[in-house]
């Protein structure tokens, strides 16, 4: 049975993370089908995820870009709560990837973070949807990071 | 089949963004029907959106104006969470436009932001409701902004 | 058909805003019926509003008083989210009036704010419940304020 | 018909507020029945309240103790939102009592606050559950405080 | 009847708290069955808990690790709200254990906190699931701490 993945991204983002996630998912799961959904900004992502799940997706990845102001952080908080509510109501995974403009002080570093984070979390989505609750077990407690170097287990 | 759009705005706002959104929607979608709803302030917008959707709207745009104090920001946060919950429960888009008094230090600039943001997001609503999940795809990751100059894709 | 209004207030408040709202509603809508509900503090207002709506009210006004500390602000945030959830789940208006002790540095000014805000929002409730979504249209974008002088439209 | 009250408290608390509330409720309502529930900390209180209501309680009082750090405040915020959601979903009162370690700079004062607050809010629960929405009317707007001296009505 | 416990942990964590909780639960309840679920980070824990409960678990412990930035704190807040919502909707306990990187200034101390907290809360989960609402009564108000020395009752 082929799996259906949803990818929701924004026009606000300065990196096309949706296409990265789309490509990574197809590469990781060659029986996977990807449906995309593009919205203006992060506050539109929860309903996009909900609609993708309503339409039969087994799991979704959302790719958001967040500005530098306190206002942007409140929007991030609202969106995160919304994405978690979508998951609770549907019992499906929605991996919530965000890149924050204050994570780096130059564009190239931001882009590098975005590419790395979207790539790694797209893989995580495949592992969870296709392989289930035990797929990431071997990495439990190993301090994996997305966008940065892994922190590692404290020995 | 003609589409039904909802426009919810407030008496707190210092710019009549509801009429702007109304006009833009009718211009963009000449088969579209617009229903309006005016409430006192942003905390009343989630139920206005809910009632518009209950009454058959296919999507809603809300137009809020937010003061400068920390208290106003908490009200913004509550409203944003509420608007996202409305979307999750109905699986319909509610585009949440807000202008914050601390975004500019003079009234004319605030007005300019409000007009630009209401206009662009009214178009976004039409694209999402009429044309669906792929309508904004070509702008994914291109750093579009509403109220400000576009930020562009990081090359 | 006579309309049923709910008024929920607190023993924490230092101004009897519930009685003000009650009087204003009866004055504005002489076919209106008012049911009151008094609770200890703002965090008890969402369930009071819910119970008033369960008992048949067409709309509710809640009148809260909020202290000066950060803790009080978090309680305000929780209550606001709760009051918005009540509205979303019932599709009825609950106008959430709050007076914050740090809005003024003397008691008389706080009282003046409380009286003005409760009065104006009680009228807003009648307009929304009795006259519906278009009743406040003429004031859309006109910068109305409750507790302070109106800010006006930006010309 | 005898009334059923729930009392939920924590092992984190440094004062046994649950036993105080239990005793006060039985003293105020001699036909009342009290069911207790003890959990580790404040984030466990919403489900404890929910389970007490599921088991037939007419109302619940929760007694939480909150640390000094910003992290503790976020936990307070989450718990408060949760307790309000429980009330909205069940239409029953859950009086949310919390004592915050930064309310006083010595243990005896904290204990005094805890005892006073638990006592007064246990009475409030009885008034609301047994006597209903009008029981606290005479104190509306009179500036009652729990844990501190009453603030009084602004004349 | 044997009890079913869920343990949800993350690959972000720098200590394998899931295995600690797993071991402690089996040690405390030799008729208990443990099902594990590993996800990338704390925002994925609410749906993991929900899925474990959907699959028949009687209670769940989640083990999260939280970074030092304000952004991490907002993620903590979202996750906490989500975990509380899962509990409210299912009426089952989900004990939400988190270790915050700013709780200590060296790795060994962080690890010590994580081990102690995971251990003690795993026991709490068994007490609540197997023994019910009265199991922790004797410790009510005694100032128990997880990760730190107990604070004790204020005499």
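Chains: A, B, C, D and E, in written order; residue numbering restarts at 1 for each.
FYI, a residue touches a chain if its C-beta (ideal position, glycine included) is under 8 Å from a C-beta of that chain, and two chains touch if they have at least 3 such contacts.
Remember, it's a predicted structure, so these values are computed and weren't measured experimentally.
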Chain-contact steps, minimal, separating subunit C from subunit B: 1
Touching both subunit B and subunit E (chains): A
Superposing rotation of subunit A relative to subunit E, computed on C-alpha atoms, to nearest 5°: 70
Rounded Å distance between subunit B and subunit D, as computed from the means of their C-alpha atoms: 40
Subunit D-subunit E separation of Cα centroids, rounded to whole Å: 24
Contacts with two or more other chains, residues of subunit B listed in rising order: 77, 81, 85
Complex contacts: residues of subunit E adjacent to subunit A: 9-19, 35-40, 43-44, 46-48, 50-51, 54, 70-71, 74-75, 77-79, 81-82, 85-86, 89, 107-108, 110-111
Contact footprint of subunit D on subunit E as seen in their complex: 73, 76-77, 80-81, 83-85, 87-88, 91-96, 100, 121, 124, 128, 133-137, 139-146, 151-154
